[in-house]
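The structures considered in this document are given below.
You will see two complexes here that share chain A, one where it goes with chain B and one where it goes with chain C.
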Partner chain A sequence: MSASKWAYNLSLFREYLGNYIKTRLTYRADFWVEVLSDLLFSAMNLVFIFVVFGHTPSLAGWSEAEVVFVYGYFMIPFGVFGTFFNLWNFSERYIVKGEMDRVLTRPAHSLVQIMLENVDPASLIGSLVGLAIMGSAWATLGLPFDWYDPLALLAMVIGSVLIYAGLYTALAAISFYSDAPTGIVPLMFNIQNYGRYPIQIYNKGIRFLLTWVLPFAFVGVYPASFFLDRHGDLEMSLLTPAVGVVVFAFGLFVWNRGVKRYRGAGS
Partner chain B sequence: MTSAYFDLIRIRFLMMLAYRVNYYSGIIIYAINIGAYYFTWKAIYGNAQTLAGFTVDQMTTYVAVSWMARAFYFNNLDREIANDIRDGSVAVQMTRPYNYLLVKMMQGFGEGLFRLTLFMFPGMVVVSLIFPVELPTDPLRWVLFFVMIWFSFLINSQLNILTGLFAFFVENNEGLMRMKRVAVDLLSGVVIPVAFFPFWARTVLEWTPFPAITYLPSSVFTGRMAGAEAWQALLVQAVWFAVLIVPILVMWRASRRRLFVQGG
Partner chain C sequence: MLAIDVSDLRKQFKVQKNREGLKGALKDLFKREHTEVAAVKDISFQIPQGEICGYIGENGAGKSTTIKMLTGILVPTSGKILVNGYVPYKEREEFVRGIGVVFGQRSQLWWDIGVIESFRLLRKVYRVSEADFRARLDELVETLQLQELLNRPVRKLSLGQRMRCELVAALLHQPSILFLDEPTIGLDIVVKTEIREFLKKLNREHGTTILLTTHDLQDIEALCSRVIMLDDGRIIYDGGLDELKDRWGKGREVQFQFNDPVAIADLSRLTEGLEVRWSKENELTAKVWIPRELNVSEVLSRVVGTKDISDIKIFETNTDEIVREIYQSGSAAAPVGSVSP
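Now for the complex of A and B:
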């Protein structure tokens, strides 16, 4: 994309965000309930970690603070992803109800429009909570803080967000090829469960799947271990941004091909 | 009249058959979840023989049977009711000569029956081939287990109905429904058996209906509760079923008085 195109999309983003805030202010209570229910989901996973470590000192060599650290890291890209790729009801809203036709008549890229129409900044609060959790685990573990750590974190988070974005874009694009793939999104939602815990606890097959096929391990344990010196899996963690770019390019490719094939729901 | 309710079960059963993609992906989802928790628990045990009174094999069985039971009792009645209320179709349904809540219950049962026969039974066979699951040999335990997951279905559906009916009182109960789902998964014992919680949390949980949904039937199935204790667990479920009828009736009455169809 050229510079002017970026500026154009950015101005669109401002407009959509303005609209979002206006609609949200009419249902103020909903906003907080949504934030709370998002956080509750993370709270459940954290409670799981705490309860489990009440019974064991380590999980495949990982201490409680380390597992919490990984989870805190995971929450950051997950929140950013949730803000911009709120595509859960894509098939229902855009294909079945035919809103895709409206999107395609406009000049901006279809994916950008759909991202912006569904933008959900409430999810970002989850990222902030994740950052706080990671920070406190950082202190508990007494990890050193190097000048490049914030930069590395930024690069890792961008890589992780791109992985999520690419996978879900490809997934949403399946709606262009087949009708009613309603079961696939919950499927992915469940697979990502694997990426949050140290990958060492799984067998070889699952490890391979999470690293090279559906690279959810790059959304949690690999990038986080960059900062955990003891588990330093340097090569894998440095791969995160690259894997992100590859996966997102793949997602975009599937999407663009799908849009070309799209003929409308026809009614 | 009764035959009308039976037909509702049948129709929902057939409807589930029609959505085959959901069926296949559902099987994979449950396999994934059982697998994820199996490996996680194996790592948690490490070299330990028993934790919170569970042996490793009991834990594996517990995880498998809990997810399978969840396949049976799980339904989206809360969402269906909330949608009926939001789009106003509940008003039409109320004029019909049947009990709206019973209709929902029957539809949920049709769904549960579908998953029980086409999902839980084959799933259990597959799971016991892959993972070291110990099935009970005592036929009475099997019978008791199936009676108990019937109550799990009733209690979980009651909670769903309560959550769904909230849509009468607030304009959007999406957040509430999501919270309920998380609460049921965490507190009922699917994710962590109640015995693993610290003492104070267990004491609190004993006064909620959640453990009756998963923890009690799965404990009976794995043999952690036997004899008098097992019958007592069944009694606890029956009591919760009876107790939960009260708030449902109260809410149902109150909501009919303040029916307010948005848009419409």
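Now for the complex of A and C:
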């Protein structure tokens, strides 16, 4: 994408965000309910970790604080992803109801438009909470803080977001190929949950799946291990941005092909 | 220059066949059978710039599919399309900058925000400069009288109000071609007339090419100099509206209301030598059918001179009837028993 295209999409983002805020001001209660349910969901997952560690001091060599650290990291890209790739109702809204028609008559990339129309900044609060959890686990573990850590974190988060974005874009694009929405979404949802725990606790098959097939491990344990000296896996953690770019390119490719097969709904 | 140039355009859809019963459903699970259904079958037409063209046909005739291919939404199966010099589906983002689209059944506007906010967003999307936007908006708002509506959210507008806003939304970027899919569907007669007047003005003042599909033939009569009629994916008529009426409009009917009871035989005698047909509605009312080449006044003078008449009504065959008849025969080429000019 050229620089002017970026500037254009960015200006669109500002504009859509403005409208989002205006809409949300009309439905204020909705906004808070959403934030609250997001946070409750994360709190439940954390409680789960605490319960597990109530029974055992370590899991495959990972301490409680370390697992919490990984979970805190995971929340950051997940929140960013949720903000921009709110594609859950894509099939129903754009394919079945045919709103894709309208999107395709406008001069911006179709995926950009759909991302922007569904932008959901409420999810970003989850990222902030994740950052706080990670910070507190950082302190508990007494990890060193290097000058490049914030930059590394940024690169890792971008890579992780791209992985989620690519996989879910490809998933949404399946609706272009198949009439009936498939049961893949819940399946993905289950698999992605495995990514936020240390991969060492799983067997070989699942490890391979989470690393090379549906690389959810790059949205959790691998990038987080960059900061965890005791479990340092420098190679895998540094792969995160590259895997992100590859997966997103794949998602975009599937999407662009799918758009060409879009058949519209009704009359 | 041609605004739209289409040749041998075809669109096929793959349709899943669902086999019957539980056994069929199980078979479908493993091996799906597909059938190819052609919605548009190798059609060709050209529309020069500045023309208003009506695209009509029954439900499922392929109108919407054509429009969607012309606007870059659907990729054709085969054939050539050139709109504004672009192949729509290939350089979609560049191409759509020069066209405006209104789908009567779907909104272009954002549901929850004020109309003006939607317009501002579209200004950004189409990269219209603030000055151009202002000038254009003022002009459109004035012609369509939207001043009071601008700050209302779309969901609080009536259908007629919304439709006028949709038109503005589609025209903010000064497109040279406007596609309208059922623009007047569900509107009351006042709004319909307003919209027709507006479209005529747009075409006159800006030279905008307009292609519209409609079920309301009055739209066609009010706006279009040319009609393309589609049936089962094929073009069955492409030409002027007047020509269509000449060819198909078989004549007129005159209804007489008499003061005294009359007999058909009596009336037939009056118009002896003329190729007309009488029919009786009731004791006091009779209708006469007059072919196109015969002068109505000739029949009238013969009847009016001798009978005591309280009322006369003349019915022209309207476009609705013509179109219905064409569809029934399935072709506009050779109307059965008509008096061709």
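Just so it is clear, the second predicted complex is superposed on the first by the 264 of 267 C-alpha atoms of A that agree within 3 Å, B and C clash if a C-alpha of one lies under 4 Å from a C-alpha of the other, contacts with A are read in each partner's own complex, and residues count from 1 in each chain.
By definition in this document, contacts are C-beta pairs under 8 Å (C-beta built on N, C-alpha and C of every residue); 3 or more make two chains touch, one makes a residue touch a chain.
Being a predicted model, the structure only gives us computed values, none of them experimental.
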When chain B and chain C are modelled together on chain A, clash or fit: fit
First, second, both or neither for A:P107, with chain B first and chain C second: second
First (chain B), second (chain C), both or neither touched by A:L131: neither
Contacts of A:K260 with chain B and chain C, given as first, second, both or neither: second
Inter-centroid angle chain B-chain A-chain C after superposition on A [Cα, multiple of 10°]: 90
First, second, both or neither for A:D30, with chain B first and chain C second: first
Between chain B and chain C, more extensive residue contact with chain A: B
Nearest Cα pair across chain B and chain C, whole Å: 8
Residues on chain A lying within both footprints (that of chain B and that of chain C): 27
Chain A - residues contacting chain C, complex: 8, 11-12, 15-16, 19, 22-23, 26-27, 98-102, 104-109, 179, 260-264, 267
Touch list for chain A against partner chain B, complex: 27, 29-30, 33-34, 36-37, 40-41, 43-44, 47-48, 51-52, 54-56, 58-60, 180-184, 186-187, 190-191, 193-194, 197-198, 200-203, 206
Chain A-facing residues of chain B, complex: 19, 21-26, 28-29, 32-33, 35-36, 39-40, 42-46, 48, 51-52, 170-172, 174-176, 178-179, 182-183, 185-186, 191-192, 196-198
In the complex with chain A, residue positions of chain C that touch it: 13, 16, 59-60, 63-65, 68, 71-75, 89, 92-94, 96-97, 99, 101, 103, 105-108, 110, 112-113, 117, 120-121, 124-127, 153
